[in-house]
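Okay, so chain A shows up in both of these, paired with chain B first and chain C after.
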Partner chain A sequence: MTKYIFKISILGLGLSMACNDNTSMRNVDLDESAFLINIGSNIIVPAYEDLVSEVETLHASVGTFTESPTVINLSSLRTQLKAARLSWQAVNMLGFGPAADVSLTAQANIFPVDKNQIEKNIESATYDLGSLSNNDAKGFPGIAFLIYGDDKTDEQIIELFTTDANAQNRIQYLKDISANMESSAKAVLQAWESEYLVQFTASSSYGSSVGSSASQLFNTMVQTYERQTRDGKIAIPVGVRTNGEIIPTSTEAYYGGYSAELAIANIQQYRSIFTGNTAAGFDDYLIAHGREDLVAEAIENFDAVLAKLALVSDPLSDHIINDQAAVEAVFIAMQELVNLLKTDIASQLSIEITFTDTDGD
Partner chain B sequence: MLPATKKITLLLALTALISTTSCDEDSDDNQLSLEVPETYTFTRDGESTVSFSGQTERLDMVSEMKTYMKKGDAGEAIDADVLLNMFANENSPFSAEALNTSTKQIENKTFATDVQFFKDLFVAAEAVSIDVSDNSTSAEEGVAGTIERGTGGTFINVSEKGWEFTQIMEKGLMGALMYNQIFNSYLTDEKIGESVDNETIVEGKNYTTLEHHWDEAFGYWGVPVDFPNGDPVLTDAYNRFWANYTNGLDDILGLNEPLMTAYITGRAAIVAKDHETKNEQVTTIYELHELVAAAKAVGYINEALNDLNVNDTGNLFHHLSEGYGFVKAIKYSPYAALTTTQIETILTENFGTDGDFWKVSAQGLTTAKSTITSAYPKLAGVADSL
Partner chain C sequence: MITFRVLFGLMMAFSVARFTLNGWIDELYISPQFHFSYYGFEWVEALPAKGMYVMFSLLFVSALLIASGYLYRVATVLFFVLFTYVELIDKTTYLNHYYFISLIAFLMIFLPANRRFALDVLLRGVSPTSTVPAWTINIIRFQLFIVYFYAGLAKLNADWLLHAQPLKIWLPSESHLPLIGPLLKYEITAYIFSWAGAAFDMLVPFFLLSKKIRPLAYFFVIVFHGLTAILFPIGMFPFIMTLSALIFFSATFHERIVSGLEKLFRAPTYLTNITIKTNKLKAGVLVIFCVFNLLFPWRYLLYPGNLFWTEEGYRFSWRVMLMEKMGNTTFKITDRQTNRTAIVANYEYLTPLQEREMSTQPDMILQFAHFLAEEYKEKGFSKPEVTVDCKVTLNGKKSQVFIDPNANLTEIKEGWSHKDWIKPYPKN
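Here is the complex of A and B:
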């Protein structure tokens, strides 16, 4: 046994911070700043700008409708809601950093909506929108329920906002959940513009280790793709998680009836982040590693999902009832992409998949 | 065995640490020279002087309690009496017979004011497990019951505040038993100060009272004596509690080596009757153990922020329950960088009003995270990686 006959002082040793060796995420000679700047400045920030602009307009439409609940204003509000929900599809996979700090998804898009909770909140007029149990009683699905309702004519909806005993409470609730979404989206955009874009693109965020920008983006993207896109939009409503028993009311835009359209917009954004559109994306790193095959396979998979979605018509909830197999085919195509992203692509990019459903204890 | 390259690295590292005082002068100062071995191995007359079997037994007891508690998560009705018996080691509750016949128990080593908390927790866990077993009661705001983590088919039982019984117990005992015993008992002057007998060999044993106390602190950490140089670093038997979490942070914080070196050096200093060196190690040990708890707390807050964003309430409660335990563990250190008030604020406000996880918000969690990273500057640069 080796023995050290020294007087050793640990004081002053402090900590060896063996973190962030910052090996290029892919050990290839590519300009990482170009990649992060492209993703951050050309894709992420514009997506949040769109979202903020749409939810601001949505909040204004809510104001117009609640002040003057006419059929025309109801129709405009519905049109604007759809525009805002489409803009959401470009940010739902970006839930790290500022979005996590306000839990933006929880503010904006938890579905299916809990309509009983909404009615309870309206009736009592006392609610804490920050409470977990109200996550599925607000956001886009909450607004959609309030302005479509179950089998209601436009006139019946308008009655609920005018002559109904709880009309004032309902107006207030609609305004509150719209305002909550608007302020949350603005906070995220502001954080990206004021400081987070700098942090996201800083050299200290290079590499592929846990906490690097590439790792956070890739992990959040894959996790969101798995849970919210594959499961939330398709697998759960089509019955994959319930032994084939369908749940059409679980579709994203059950109220409004354009869930398939939202899903297509969503997949297109995943594809954009993967390719970086016309500039540097994850694909460039795979190519630099000589893995054109993985890029081709991924693009093929994205396109396969889009092709299967194109065969599904809205309302998705009806299509699930009439042609379950076609919607199941979307799920199967999505699943292939999950496997590719989580195994071969993650491994080639040296990105560790850090999320799991259960962490073993 | 250390690979040759590692030996060289270690040698270089140690060489760099030698104080300006030369070795010769040192030897003059001390009758006995300080001999620091590579592993936590110390002998007298060819026989080991190291003993911490009582600590290993208690860790094994906590492992059995966790295994039993998890039956409740799996949907079975569990019996609070079994947990209470395990806590006090009464009525042979353990599956390992050696634990039933052991003279050791957890309860009388648990931070005194927390004992009733754990007993109440066991009783509540029983009630909820019966309700879940009989009625499949789902957890809701204000309602205890079962909840799924993610969509993977793993369920946990939680209290009406969303506390996962299994995690609150396990992480709770990591603080109230293990850290408490290290911090408030074995590393105090009363147990390892200069007045503690370091001359007499305890009858029937091969160690002095002082040596044994140090070993008992080491035993609660729970790492193997060759840590962190085994392959694997932690075998299954060791991959639990603080050993597991210290090692899990090594890539980011690199605490394995300095913490182990401090324990070995301190023990060597006791043999060499070098109180000054021993006291220096004590300072390091307090600091690094505390840092592990703080780092894990931040890590679970990160997980919880993600869960909150995707509305995964089951995993949110799981991760908050772990985070709650790690934040609470900090309070057992008398030298904690986080004040008692800050800890209370995190646990009873930032983690939801009155610790009600149903009331948690991203804002509260980010506040907690910044409170912790401000108190531990070493975590600030790596806060998002934890």
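Here is the complex of A and C:
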């Protein structure tokens, strides 16, 4: 009996080897190298390059404005802040590896901003930007608060940086948080360019087990999508998490008023990573498994979120007050995508939705 | 048996150390704020951080005591109780091989495994013997037999045999592996592995019992567990099973190992034979143990519906690596008093691992719903109703609604009866 089984398995093994040359043999051909190189070299690294260049320019604009706080310089600083915040939308879902090492999201984009903490820091002029309590007192939301303020005219803002008693401290704080962001972003880009891209695309990072590149990317994407994108940008301000009580001030760009625009840019990047733009993406994995249906559904869902977002106008904080239902519709569309990503797609990709490398059985 | 005791003790010590060094004590038992307790064992709770570390230290020490055969009875009881306690804290971490360890540890308590090559003989004057009653060996063989055979039986289903699921999904993702990798992307490989795996599980316990083909059977044990160790993240299980299966080898085989060990450690060899009496109580306990082992995995027959879908009677039944199942659950709380609603962010209460495990297992969904009802009472919902939007995919089939979205889970009690609020498994 054993011999019989033994023979069968040998036969089977032989059979499958023989079929290696047979192209009609049904198989799942995943080009992991093409996938990781495309995502790493054509999407992730360029996105960080873009971010670094934008925050460098932003830091320069901060310098110009603090040197000569004029209305014109204030306005160009605001324009540059928006450009930098748009570039952030392409990296927020990439918080693994180098970005996790410097907690890039904590340096750059924790919102809503803690105004009191910022004022306290400016007043005392002693602060540790690395401390946990300052995470929501820095980054883009911090800069935005400093250069927009609550119901302030441009002149009033400029006063705070010129004639106000704490003007010097305020200038220093603005420079510090901008420099902190710049150096953090640079560190991440540098790590990707110097070694992490190699590691990310190495054959030792293939596969879908916990710790593989595909798993890290997918898990980080899904988690960021749920927490930062769906909840941070939409669900929390529109009141889904607070029994319907809206919190317009907790929108991403409450100061500046272009939160919906940021959200659209953000969703587009998720979609790009999913499709790999014109080259290999997660969709090609699904197609290799014969699941064109899931690709179609995912694209449909991404587009549905974008369509719902298009119906929401900036400032998002006002739209929430005037037309809560339209913003809730964005949440519902986003929720559909979470369902699809965490069930069918994760399952077919054989990616466990977890960061914990525990045993299964 | 002596070989088994030493190997078991060492493997357990190693497992406990590995568990600790991986940071899992903190990740699985200390940081989660909510644990999915077992029905009837709700009183088993995670201890504060220090307590958990003390427990694991004691586990480590007792495993080493078992290996060295010192204070054997105390050590086995301690190991069994602590290990089982830890496993009962949270369903999230349920694994068949942890259950296996608990059962084996329970058996060890009753076995005279400290009567040779043991510090108990050397230091505590336990009378040594070189022979033991046959049942003491056979009961461990019986336990292994059950594990293999029942795991094989569980594979006899349409998805596994006719559709090669879930291997068809799992294998291609490992196709980057050297040597066997290129074969894994072929569909036919998934079929071969499915059939071979089922045949192995069903047949290998019989072959291990036969003296003639035992070496060949053991060769297959090594190949099978070796392959699973490479392909799947199943931790220590392949090693534990491979080494445990040595128990099937003859007394002469083990005599050589144990005398070899004795020479190595310059331990005295005793060739005395004493008769170990088996009292009625012990015999009774072990008979019940065996009957329980034989019957408990069949309880699923008492439930209607698809076992893989409802998971009623799924655990503790040697169903290993049988399905690819993923789900997502969104909880909605409605206050009947005020009609206020809230949608819960699961991650505020659960770790990603807990959330994933919960989303495909109805009893866990229910537990979390009850927990949320209490949470929201504290938040001022006077009459909270909990409903869920839950979708699940099983073995690559398009995800379907898993739980009746109209069912108010606060009104449902956990128990052994059939959960009629699980939507029926879609027939394609």
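Assume the second predicted complex is superposed on the first by the 327 of 361 C-alpha atoms of A that agree within 3 Å, B and C clash if a C-alpha of one lies under 4 Å from a C-alpha of the other, contacts with A are read in each partner's own complex, and residues count from 1 in each chain.
The definition used in the following text is that a residue touches a chain if its C-beta (ideal position, glycine included) is under 8 Å from a C-beta of that chain, and two chains touch if they have at least 3 such contacts.
Quick caveat, the model's predicted, so the values are computed rather than measured.
When the two structures are aligned on the shared chain, A:133 is found in touch with chain B, with no touch to chain C.
Of the two partner chains placed by the overlay, chain B and chain C both lie in contact with A:241.
In the superposition on chain A, A:355 makes contact with both chain B and chain C. When the two structures are aligned on the shared chain, A:38 is found in touch with neither chain B nor chain C. Looking at the shared chain after the overlay, A:227 reaches both chain B and chain C. By the touch criterion defined above, A:210 reaches both chain B and chain C. Touch criterion met: A:110 reaches chain B, while chain C stays clear of it. In the superposed model, A:95 makes contact with chain B only, not with chain C.
In the superposed pair of complexes, A:343 makes contact with chain C only, with no contact to chain B. Under the contact criterion defined above, the residues of chain A that touch both chain B in one complex and chain C in the other are 1-2, 5-6, 8-9, 13, 15-17, 19-20, 209-210, 223, 227, 231, 241, 355, 357-358. Those residues of chain A whose C-beta lies close enough to touch chain C in the complex are 1-2, 5-6, 8-9, 12-13, 15-17, 19-20, 25-30, 32, 203, 206-210, 219, 223, 226-227, 231, 235, 240-244, 288-289, 293, 335, 338-340, 342-344, 346-350, 352-361. Residues of chain A that touch chain B in their complex: 1-11, 13, 15-20, 95-96, 99-106, 110, 128, 130-133, 135-136, 209-211, 216, 220, 223-224, 227-228, 231, 241, 355, 357-358. Looking at the complex, you find that chain C touches chain A at residues 22, 24, 27-28, 93, 95-97, 169-170, 172-177, 182-183, 185-189, 192, 196, 199-200, 203, 207, 213, 216-217, 220, 232-237, 320-321, 324-328, 330, 340-343, 345, 347, 351-353, 355-356, 359, 391-393, 396, 398-399. Contact residues on chain B toward chain A in their complex (touch as defined above): 7, 11, 14-15, 17-19, 21, 23, 26, 33-38, 41, 140-141, 149-152, 154, 250-255, 257-258, 261-262, 265, 274, 277, 280-281, 283-284, 288, 291, 305-306, 308-313, 315-316, 357-363, 366, 378, 381-382, 384-386.
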